[in-house]
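Order of writing sets the chain letters: A, B and C. Residues in each chain are counted from 1.
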């Protein structure tokens, strides 16, 4: 029972990371209607920046995270402006391939700068741990921090999209880009903002991911990226609470699956659950089904 | 007798492939071709078949599949196991064994194509794409846990348990080792011809028109009495079978091969061939697959920067060919030629 | 106005006991379509409600009504694009319950679309060949390996397609890309494509939209010609009242998803409820 609880908490922690990444995917998809495959690599960049800030510049962790967020935000906006904006009217597949190109570009640039040797990410937030059940259940401060960060981000984003003018503009653009433009919303700026927020979140996710799983490589972001993308689809792509629920469920399923079913098949299980969910709810858990007008 | 336009096109296409094969074969036998390039001949054939078959799904049937490498890996392992088993039961002729193994690879990939197609083709658009990705990953994960061995003519399979009797053929995550390399370049050439016959004739037939009708306007196709799911399935499974055959050829050309080779990146690689060659454009796929398989070999001098250059080229090509202003600029510079690219581009 | 159309206008209508309108010659033959209490709800809103209609075997029927009355929704229900939430549809005596669009088409219902849905990238002939899909068929392997059945089937499809295109004198356009045709020709091609599926009931959704008066006149003659040649029933949605009154034998008026009137063109033209639906209520005093 205690071990189950431990796995469960680890699952929530991993799920929180997925959820934060998935938020980036889902917001970009909702607004730009594109699968941003490079998102996973922005996570990796964020983690490397934080790593460098702490190891080489000896900055305090919080400042390092801030550094990573600033760099990733700029990176996200630049990628959007240079690679995706020119293709706004292009076929979906062209944008997808461009995103894949950007993903290769980021990975290989990182490879040249930081080499493929794994870096050991410093345990930045290790300020102690909570021991329960006579020390049988140890919850590290990273775990707690991840979960708390997730909750804070969730609340902040919900408030942002429902209360602020920019947030409402984002929702309007995702609903109907043409109509939003006619209402005087600057669509390009809104999309840039979305990329900025998504990328800043990716930086946070990168640091959180690497403080729990401390090996950092140029390919670190790709698998969590794909899984977070799965989580976004699972919860209903385009939906912010959907990304949150999808991420959490996926993390829990993955950890429990690895613990109780098979270590090798943990990933397969995640994808299998996605398929089953989509068969019963073709637009994800919280997604809205679309009806084509005849 | 007046020949059909599609028949003439087919004859021209086959002619070009045959001529290309003869040229390559002469270059190999006269020793003009570099060793490193010679080693690339079978992979080129394999990736051409992969690209053409994926184009059937993405271009002709209009569904984005991100898990094509999964079918290839099924073909790889069923082909390797099939070949070893055929050898054990006394099929000693290597050519016969190779072609039978390719058929085995195709059949197994086809079976999985049906099993996967049933749930996948119920979904639409991006949801369909993510589920094909998921299936590709599941196939890879499961293959990582499978162990096959041959004891006499008896085939043993186990899941997550490496201790099985007989000679190990496939060793879980370590993959297949000491495969008897019976794949040949001529066999690859025959497979390309076969793929072209299947795909081109399919497109120019009643079934092919139904597949394209379902792609262009699902609702209208249904109103015309076309069972859209059936024809999407037809394209999906045909592509899976071809990928399986290519996989078997690939597996039997490598001494060692692991399931990890066929992850998401490989699916994407093939998709890049299809998109760069022009969606729906079969010849484009062939040329893109051939060039881009050789390219890394040619860029060997730039070793470290190879993938970086590749990424930048990929992004630039997509921007130039898909951005309206860039396109206009380009058409000003280059006088207008046949619209093969634009014809394909309309598909998605 | 041509002779055939004039004659048709003078055909006497005999209202059938319970369902209103069926031309005399169809009275003793089983009807092609019987819709009973048909309805559909979208999130609690009844888009179509209690729709009852019988169409005779060779009748030309019209479905009219103001914008948003639910006319196209009726077509979508009859072709099973939408599954009705209430009522039943009988086509040639078969219940369409639980069937999909494909099965409904195979049972003999074909349609055109208000917003033209041609296969734009294909040639005119290939569009018609898609319609012939279930009429002249051969299997996938026959096609891939070009067995004798392939050559036979392709030839038969080619000939039949040209024959059908000749109804609208379009056989010369066979090799033209469908998307590059002018608007009127696209509408005509849609009709040919629908006819190719060998229907017993042809649904035309605003066939004259975007046509000039001359083209509309020609279309009117062709609709009558198609009925005579193929001996099928035709139901059309149309806003051009000249066309509707000129070619339809029975008319059904829809407003807010409900039938407000049924009858011959003359009856409909003088029906106060219909006038009110189109023009609004007369001011009192």
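The rule is short, and it goes like this: a residue touches a chain if its C-beta (ideal position, glycine included) is under 8 Å from a C-beta of that chain, and two chains touch if they have at least 3 such contacts.
All figures in this text were calculated on a predicted structure; none of them were measured in a lab.
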Chain at the geometric heart of the assembly (C-alpha centres): B
From subunit B, the most remote chain by mean C-alpha position: C
Whole-Å gap separating subunit A and subunit B, where each centre is the average of the chain's CA atoms: 31
Rounded Å distance between subunit B and subunit C, as computed from the means of their C-alpha atoms: 44
Rounded Å distance, subunit A centre to subunit C centre (Cα mean): 51
Where subunit B touches two or more other chains at once, by residue number: 219
Subunit C, residues touching no fewer than two other chains: 81, 113
Residues within subunit A bordering two or more other chains: 294
Interface residues, subunit A side, partner subunit B - complex: 29, 35, 83, 86-87, 89-94, 96-98, 100-102, 104-105, 107-109, 111-112, 226, 229-230, 233, 237, 262, 264-265, 267-268, 271-272, 274-275, 278-279, 282-284, 292, 294
Subunit B to subunit C touching residues, read off their complex: 4, 197-198, 201-202, 204-210, 212-213, 216-217, 219-228, 234, 343, 346-347
Complex interface listing, subunit B residues touching subunit A: 58, 64, 119, 122-124, 126-127, 129-131, 133-135, 137-138, 141-142, 144-145, 160, 173, 219, 264, 268, 271-272, 275-276, 279, 304-305, 307-308, 310-312, 314-315, 318-319, 321-326, 345, 348
Parts of subunit C lying in touch with subunit B, wherever the complex brings them together: 79, 81, 100-102, 105-106, 110-111, 113, 117-122, 126, 129-131, 133-134, 137-140, 142-146, 150, 153-154, 157, 193-194, 196-197
